[in-house]
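You will see chain A twice below: alongside chain B first, and alongside chain C after that.
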Partner chain A sequence: MIALKLAIRNLTGAKLRTFLNAAVLSFAFVVLVFYMGLLDGWNRQSKLDMEAWEIGEGQLWSKSYDPFDPYSLQDAHSIILTSYNSEIDRGNITPILLVQGSIYRQGTLINIIISGIEPKQRLLKIPSRVLKSESKEVPAIIGSRFAKVNGIKKGDYVQIRWRDKNGTFDALDVEICNIFKTNVSTVDNNRIWIPIKRLQEMSGLLKEATILVTSNPNIDMPPTDWIFRDKKYLEKEIDNIIFAKKRGSIVVTILLLSIGLLAIFDTQVLSIFRRQKEIGTYIALGMTRMEVVKLFTLEGSIHSIFALILATIYGLPLLAIIASTGIPMPSAVDEMGVSIGEKIFPYYEIGVLIVSVLIMVLAATTVSYFPSRRIGRLNPIDALKGKIK
Partner chain B sequence: MKLKNHGLSNLLIKRPIIAITLIVLILQCGFIFGQSADDILSKVDLNLSSNNRVFESTMNIIGRRGSRFIKSKTYAEGYKKSFTEYLYPPGDKGTKMLKLEDHLWIYSPSTDRTIQISGHLLRQSLMGSDLSYEEMMEDRKLTEMYKVNIEKKEEIFGRRCYVLYLEAKVEDVAYFTQRMWVDVERFVPLKQELYSKSGKLLKWMKSEKIQKTGERWFPMKVIYKDVMKEGDGTEFEITDIKFNQYITPSIFSKASLKK
Partner chain C sequence: MREAIIRLESVSKLYPTGSGNFRAINNISLVFTKGEFCGLVGPSGSGKTTLLNILGSLDTPTEGTAKVLGRDIGKLTHKESAQLRNYHIGFIFQTYNLLPVYTVFENVEFTLLLQRKTAVERKKLVMDSLEWVGIADKAKSMPAQLSGGECQRVAIARAMVKRPDIVLADEPSANLDAENSIRIVETMKQLNMEFLTTFIFATHDEKVMKFLDRIIHLKDGMVELDKIINKTS
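Our next item is the complex of A and B:
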């Protein structure tokens, strides 16, 4: 208790030096918490968007479907089981048929995936209801990024080309009747959405689909033609990206903490040199060497406590404001095919906060202890005379 | 018969101009319809198809940003076996492609690796050109794939042609319908228009440098143009061709890719 009182008194006496150390450390802490929050926010937001726009509560894939192998897409379709029809009617399953195709913009061929979706579905946020059309023209919807890149506007007619199940070319003009905005690039980039029935007729794949999106994660085990992919499997890609980012963030964390800890280390070394007589007096008055080491280590640790208090004073409101307003993301990031919103709203998990606090306090204590060990080897007479080399 | 001859001779004497016109018309009709559409297409097949062929060719892809020139040598047997080696440009030299049935293997000398690609790649553009791998490598007989009608006769590129309308009779064809201008004397298509199932024009081809090679007439240069694609199309020119040659069977094996 005496050590604690002495440590606090010594630190408050040092005024500006203590403040500067605490300020540097608090800055490192705030940036660390913000960075971790940003990654968690991105992760959370991406998963929510993916669930709403693309994966639902899981998907059934046609046996040959592999989203990373475009050449297998031609064979990736299976008959929709009649047992699923009632679930489809109730809106609990949304069938999607994918067929490779192409469009031409300014004389350049662009490979696309013609995606057939049920117009009346409500499971996904894709605005398919506008595809309910009785006219002969095939209505189509596209994402805003695809529209922007290719200069397509609402009301435009676009000629799409595809090959039917036998490999015969076919072409058709579709009317773009809506352009939707989504954060999920996989439902936007190079995708044209049309009614599934039309696509089934066009491709000759009657009553077939590539994917069945479901709202029921415990759907009956499918027969051999369909494979169930749960959310964990479907979100693996985003999990891997976030994991890689978090691993990368270790470097940033170490750098930030090093700046703060270096200041504490420097202060400790300087203190031992400048406070030789004080150390000698403590020992002369009856404190053991280890108690003096403890006192100096405690002083270093208390820097981190002061830093936490300081971080709470300015960091808490700052992080709260950022969490509510979000961080705008450059458009180039999502053009790379990564699911990301226009803004990322950081999400601070209590577990991450506790771990960050513990790391900082432990690190501050450790860097304070090492220079203080020297005190244990001091001769109190030399210390009193200020003769430490 | 006697009466008919008598009538015709009477007409010849009394109305010689009408009679001659009638005879010419009858002869012309016989010439047009005497050649049935199937016969014409069979003759086209005889000219274009062969059991096997070995040819050297150049391909000039004239795109929006300039042109690319590719030189290759191809060995083909029927329409299921084909082996092509690229000779130019230096960057592609030594690249080899082997097609057996619906499988395609591409060997790249720079990586010393062979990649096997599913049959769907055969439908993709060949090195950015206006023709696909299957168009380049296939030699399936038109009579096997299409039923045909004669639409009319007209002159293009200074040659009299039958205009044939071809409609697929089998399911696995790339183009459901075609319109083909066939030289009435040489039975070589001078122009082809390729249509989608819904009747949209997708591609056209023009044949030039029609040469007599042995017993057959053969177009040594074909210009392919995807109607939607910018640029002047792809010029495919055969610099040397030999039909029905003996081709060592080992050519059509994967081992030949690394030789």
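Our next item is the complex of A and C:
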């Protein structure tokens, strides 16, 4: 308690030196929290987008469906159970039929997945309402990235080719009646969305689907050709990416923390030389060497507390503003094929904040302790004379 | 006869050098009694400061025994010697050694904090101590705002605030002008008489010597002359 009191007194007495150390450390901390918030915000946004655009609260997969094997698509379809019809009508299940196909654009044959979706569905954010068309033409919607890469505009006619259930090639012109923007690449890249009924007719897979997206994670599932995949399973891939991203962020975390901790370490090392008379005086006045070590270590730790206070004063409002306004992403990022929103809203998890605070205090204490250990070995007479080298 | 509070028996201090050992003090035997106002006098390198450091348990003898208040300095642990200094020995340094970020009050209060005295006790003792040395009005000042004489008064107050048995002063007047030197020594003399605190100086200041009851001349680490000038009792 006395050491704490003395350490605080020493630091407050050192005014500018303490402020500069705390300022550097607080800056590193705010940047660190911002960076981690940015990653978490990006991750959270990715998951929310994925749920909104693609997976809902879970999916039922046709038994043969394997998203990583395009050749499996030909057989990846099953009859939609009649017991699900009422749920489909209520909008709690959205059937999607996937059929492999191709388009010919700009002199290139491009493999696509023709995706049939119920136009009246509201479960996913895909703007399928525009697929309600009374005309003979087959209406289609595509994602903006796919449109841009292949030079497709709204109102264009695109000829699609596919094989029906018997393996016979067929072709048809579809009208692009809407181009939607999404952050989820799997509903955009090489996908053409048309009404499911039209695709069922075109492929001869009447009343069949590949995927049933559901809004009910506890969907009643009789033993059939369908396999339920919960959100955890469907988000496994993105979870792995997040995990890899977070692991990579450790390097940045270490670098950021090092900036602030270096200032403390430097101060501590210099202190032992600059304050050696003071150290000798402490010992002459009755402190043990270990008490002086403790005092100097505490001074280093308290720098981190001061840094936290400082970070709260200017960092908290700053981070809160950024979290509410978001950070606009340059369009170049999107052009590089990275699925990212127009804005990223940083998200600060309380657990991450607490861990960050603990890491900072612990690290500050450690970097303060190592130089301070030297005090335990020094000769108080040399210290009093200022003779420590 | 007053009680002996310091006993040195054949004390030597050797420092290793490139060509063997250098004897900073050589076979010194001395006794200091309670209430002495005594000076270690001698040229530079005669061993004054080394002897003070041993008496203050900042250093240990290489040979012989040094007993302060019955404790053998050579056998004390770091903690025990720190406690001895904290409760029984006050230090006054040539360069004052005030803690620069503390006020005068806090500088004087420091040792009492280590003794875990209550805030009320500390305040009374510190203010009393500052009154003795005549700088109670500077309690809130920072050391940088004080003159050399005032700084040394703070150092005396800091040494005396815990009512120690022994005060060790290493060249206390070396950085002061003649007038301030005399005032400082007069103050210490008064405290010596009032509290029967043993004062041991390392000095070669003639002005200080005039006030001493006992002068121990050191030369080349040995006692050349031990002269009692004026007994206080």
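Definition applied: the second predicted complex is superposed on the first by the 373 of 389 C-alpha atoms of A that agree within 3 Å, B and C clash if a C-alpha of one lies under 4 Å from a C-alpha of the other, contacts with A are read in each partner's own complex, and residues count from 1 in each chain.
The rule we apply is simple: contacts are C-beta pairs under 8 Å (C-beta built on N, C-alpha and C of every residue); 3 or more make two chains touch, one makes a residue touch a chain.
Fair warning: this is a prediction, and the values are worked out from it, not measured in the lab.
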item	value
Chain B versus chain C as contact partner of A:Gly13, first or second or both or neither	second
Touching partner for A:Ile242 - first (chain B), second (chain C), both, neither	neither
Which superposed partner A:Thr288 touches (first chain B, second chain C, both, neither)	second
Which of chain B and chain C A:Ile211 touches, first, second, both or neither	neither
Which superposed partner A:Leu109 touches (first chain B, second chain C, both, neither)	first
Contacts of A:Ile2 with chain B and chain C, given as first, second, both or neither	second
Touching partner for A:Ala363 - first (chain B), second (chain C), both, neither	neither
Residues on chain B engaged by chain A in the complex (per definition of touch)	64, 117-118, 120-121, 123, 125, 168, 171-176, 194, 196-198, 200, 202, 226, 228-231
Chain A to chain B touching residues, read off their complex	71-72, 74, 100, 104, 106-109, 159, 161, 163-164, 166-172
Residues on chain C engaged by chain A in the complex (per definition of touch)	53, 56, 58-59, 78-79, 82-83, 85-87, 91, 93, 95, 97, 99-102, 106, 110-111, 113-116, 158
Residues of chain A defined as touching chain C within the complex	2, 5-6, 9-10, 12-14, 277-278, 280-281, 283-291, 380-381, 384
